[in-house]
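Per-chain residue numbering starts at 1, and chain names A, B and C are given in the order in which the chains are listed.
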Amino acid sequence: MTEKTKTINITGMKIGTFFKEKGLIAAFILMCALFSFLSPVFLSVSNFLNIALQSAALIIMGIGMSLTIASGGIDLSVGAVIALTGIIMGLMLTAGFNLVVSILVGLLCGVLVGAINGFIISKFKVTPFIATLATYTMLRAIALIISDGRPIYGFPVDFRFLGSGKLFFNLPTAFFIALACIIIFYFVIEHTRIGRNALAIGGNKEAARLSGINLVINTITFYALAALLYSIAGIIYTARLNAAEPIAAMGVELEVIAATVLGGTRMEGGYTKISGTVTGALVLAVLRNGLTLLGVQSYYQQLTIGVVIVLAVLANQIRKK
Amino acid sequence: MSKKVLIIIALVFALVLSACTPKAAPEPVVEEVVEEVVEVVEEPVEEVAEPEEEESLTFWQEMRADQFAQLVHFETPKENYKIGVVLNTLVNPYWVAFADGYKQAAEDLNVTVELQVPQTEGDIAGQLAVCESMVTAGYDAIVLHPITGTNLIECIIKANQEGVVMIDTDGRIDKAMVDELGGEYFRVPIEYFFDQGFLGASAIVEKLGSEGGKVAVIEGIAGAPNSEGRTAGAKAAFEAGENIDLVASHNADFDRSKALSIAQDILTAHPDLAGVYCANDVMCLAVAEAVDEAGLRGQVLIVGNDFIADALTAINEGRMYGSVAFSPFVRGEVSLRLAVMAIQGNELPAEMEFLTIVVTPDIADLMDDWK
Amino acid sequence: MSITENNSLLSMRNIVKSYPGVIAVNDVDFDLRHGEIHGLIGANGAGKSTLVKIMYGVEKQEQGEILINGNKVDFRNPIDAISTGISYVPQDVTLAPTLNVAQNIFLNREYVAGGVYIKDKLMEREAKKILDGLSVDIDVKARVDRLKVSDKQMVAIANAISRNSPIMIFDEPTASLNENEIIHLFSTIVNLSKSGVGIVFISHRLDEIFQLCDRTTIMRDGEKKGTFSRGEIDKETVINLMIGRDLETKTQDNVVIREKPMLTIENLSVSNAFSDANLTVNEGEILGLFGQVGSGRTELLQMIFGAVKADEGKISINSNEVKINSPIDAIKNNIGFVTEERKTQGLILLLNIEDNISLGNWKKVEKLFLINKTLKNRTAQNFIKNLQIVTTSSKQLVNNLSGGNQQKVVLARWLNHNIKVLLLDEPTKGIDVGAKEQLYDLFDELSKEGISIILAASELAEIKRCCHRVAILKDKKIQKIVSLEKISDKEILSLAM
């Protein structure tokens, strides 16, 4: 082996190891580099603001989903909670309540829904997939009923502020909301007993039970926290659209699960990484954004995203070994 | 949950809803439009009476010429402008024809056009994201066809900051809200959803005569202006009719399979159904299938919206009774021209008359080249 | 030791618990004194595990009461038991697989700062101290699902011991441990009892029971057959009470071993798993693989069966070389493998006996591409009879059978495949004495019929009872292959340790 081949081999190995360990982040950087090369506007401030806005809600929802999946379950009621939160906030505002109260009530409803999910799952031992699917169906219906099928307008102009309004450094409020959620929940999942219990229950429910962990109270907590996050995302959704639509966030569940899985969370439970979920959400958002900038038709966009997800999951499998 | 259970529950809720929340019909408009209907339906008959002229234009060509004539201040573009268009979907033939119109116009005028859609017909946040990305991509103008009245307003605000011209050639966007937020865009209202629904349903009412009968409405996506408007118009027409009994009105999300299921269930409950109005043809074709399955072809008058090619075939074959037509192709051509005018600063018409007729079997042979 | 009520730490009276079709615990009394090590023995299915599960609140008794220090208690779940001061090490190691050793030891009792922030570093230091106290060396930061079985066992034990509970329950704690670890565990247990902790100790290794326990309770078929103090009873009587009849000490028949080699492996190895294996098994011969935990017994068997593909070497059946790259190849060559973990690797617990026996061999019971229920049933009935599987019906879910009978079902499946070579990995693990004997008899029968058997075990007694020759393994290599008549126990052990 010549010196040159050796160096190439070693460099190759180094790059290989880098990809192996930092997998998703490396892929993300690569993707951004590719887009900035292909599209002159990708690296613009305006575009980054777009990405920040477009990914904020997905990141927040992803965190909630990560918690439920880590605990050995799953949550299909994401979109329904978002729609319902929006509608409830809208109804309260049009009824004359002030902004803060309306938002709080909206969030509270989210928490309540999540608690009900957790209760059905742990107390009546219904599989999370079915339980949250049922909740999803009912909530969608309730949103349509109480809104009469019509979107609710009449949000105060200040409400926009919660979405695209600028806070610090000219960055949108939604960005900071997402940031706060990331920090708080990183802390919760890695360093508090709530997160610890989730990993234990998701890894081996019996082990958790034998250790004296209360399955019912904990499960309710996980799903309630997750729904709280979905509600927060719902605030951002509503602020961006400046209207509460009963059909908001249709089908968003799959994208949220995709972001979570991309980030390395195991579907069987017991393991999750908030940083991974955030990266996964960013990857999806940047992918969509970049492909739209390049004028790629939306159906091909979908194809590309599907392929990316499959590759990422395969990569995770290989890394597992 | 099985689909049937869901639909039954949906039906139950809908029945409860329709019993609890009566919708007020905007009456003054009813009278006006009734007159328009009579006018409009008469015109094509007149034209048919002069077939001998050499090189006579077809009905469609005439209509097209009429539309272009309304663009009084149009000037041929001096540069190859880059124009973006945000549509609803490319799965529905109506929207495909719309897109084709845009492309044809782009070719004719020597400008570039880029068409984008969200993932699904109901993905409102997705459409906003697409729009925002297009604003960043640097088009001279973007034509907006929003799914709802408000979901692209954010995009308008952003476009204003970037200096991209935004234009609404439907009239769907909620102008009051945009004004409140200090946004600017061009608006040329062309579509009148209420009128479309009213026309379509009126055709059924007229055909049924004084005997009347049971009718139903198949709606689109709940909350979407096109669906809501057409449904309201149809219900108004049915209400104005004699002995007309509206037995069902459900959302099928502009989706073929959902419409099929709903139609089957309605027919099971009301085997003597006399008429159905659907908010678009895609759904009506599914309803026609359900009617055929039940062996009731000919008994049920099915009128749709959009007049896609398959609808013409169905009307000729007797599977459908009619469809509300307002050429999407021409609309696309007109919209692109309006965008060019907006970029160049030419004066835009305050609003446009867009020919909307119900195509029934008696005038179907005039429509062979319609698109 | 005076037998007064006041001394009683834990007292169970007239406990009854049943499951569909079987009364698991039938009017049983049990009591535990301060500072006592109380052994609990019985055949599989005797009810010991159920009894201790009731003690810990995992199950709830239908009748009867439990008193702790004279006070009546009602356990609805383990949380109640824990708060009363009971710790439990279950038979099957139950840990949170994605958490590390320290996190598992302190699961649900984490050190928190400000009531919220978990102090992982502190926990790691404390965990190390606990493990040192048990003379165990495990990386406290290692993820638990990557540990070997004996280490997992130690983590579970460390978890229980570190709670400093007044009552401790150990269910078969030594099943996966090596000699050294067992010695240290016992000394810890003895120390605990000296400090007043009451300990319930379940084991099927009678030597351990006799060595450790102050009193021993024997159960059979859900009933208590007697409680005896140390020295009051001997091995034979215990076994009698456990299985209700005299055990025949079976001597090895001098079976005429055929000279024809059935299976030969040469230079078989898998990097990092096993190196350079050479052995031959003749028709009708039972070859033992003896070695401690980690010596490579399972790896060797996996190589032969194709569960792990060999990097080098060759395998021959009937003197013809064959390629075995996967279990499918092995089965085609009439090799069967009864794995160590029957619950996770050998059986589909939620299926019934019939399905488990015919699993993968559907052609035999198919008629016109459809599985014929009568054929399937008949096949199962045959084996139930021949192997004496104890069950109410062939449609019984395998999950509900006792360990010994589950193992018989696994054997039945392989016999159904008409195998010529049978690989056994710790086939009698967790099985009671009576059932063990039945299995040994079965192995003898099979060898008489000409089937070659390789039996991997860590109990020398088992090897000696069953095998003609033994291959001694250590550090993933075969040290020596020799006829059992020609080597002493001491020599075998010294080669293996």
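Methods note: contacts are C-beta pairs under 8 Å (C-beta built on N, C-alpha and C of every residue); 3 or more make two chains touch, one makes a residue touch a chain.
Just so you know, these numbers come straight off a predicted model, no measurement behind them.
> Based on which chains are in contact, what kind of graph results: line, ring, star, complete or other?
If you draw each chain as a dot and join those that touch, you get an open line.
> Which chain's mean C-alpha position is nearest the mean C-alpha position of the whole protein set?
Smallest centre-to-centre distance to the global C-alpha mean: chain A.
> Rounded to the nearest whole Å, what is the centre-to-centre distance of chain A and chain C, using the mean of the C-alpha atoms as each centre?
Roughly 44 Å separates the two chain centres.
> Taking each chain's centre as its mean C-alpha position, how far apart are chain A and chain B in Å?
35
> What's the distance between the Cα centroids of chain B and chain C, rounded to whole Å?
72
> Under the touch definition given earlier, write down the residues of chain A that touch chain B in their complex.
Checking each residue of chain A against chain B gives 39, 41, 44, 46-47, 50, 53-54, 57, 133-134, 137, 141, 144-145, 147-151, 153, 157, 160, 163-164, 237, 240-243, 245-252, 288-289, 292-293, 295, 297-299, 301-302.
> Give every residue of chain A touching chain C within the complex, in rising order.
Where chain A meets chain C, its residues are 187, 191-193, 196-197, 199-200, 202-204, 206-214, 266, 270-271.
> Looking at the complex, which residues from chain B come into contact with chain A?
Going through chain B, the ones touching chain A are 1, 6, 9-10, 13, 17, 21, 90, 114, 116-120, 122-125, 128-130, 132-138, 148-151, 153-154, 157-158, 162, 174, 177, 180-181, 221-224, 228, 251.
> Mind listing the chain C positions that touch chain A in their complex?
56, 58, 77-79, 82-83, 88, 90, 94-99, 103-104, 107-108, 110, 112, 116-118, 120, 145, 159
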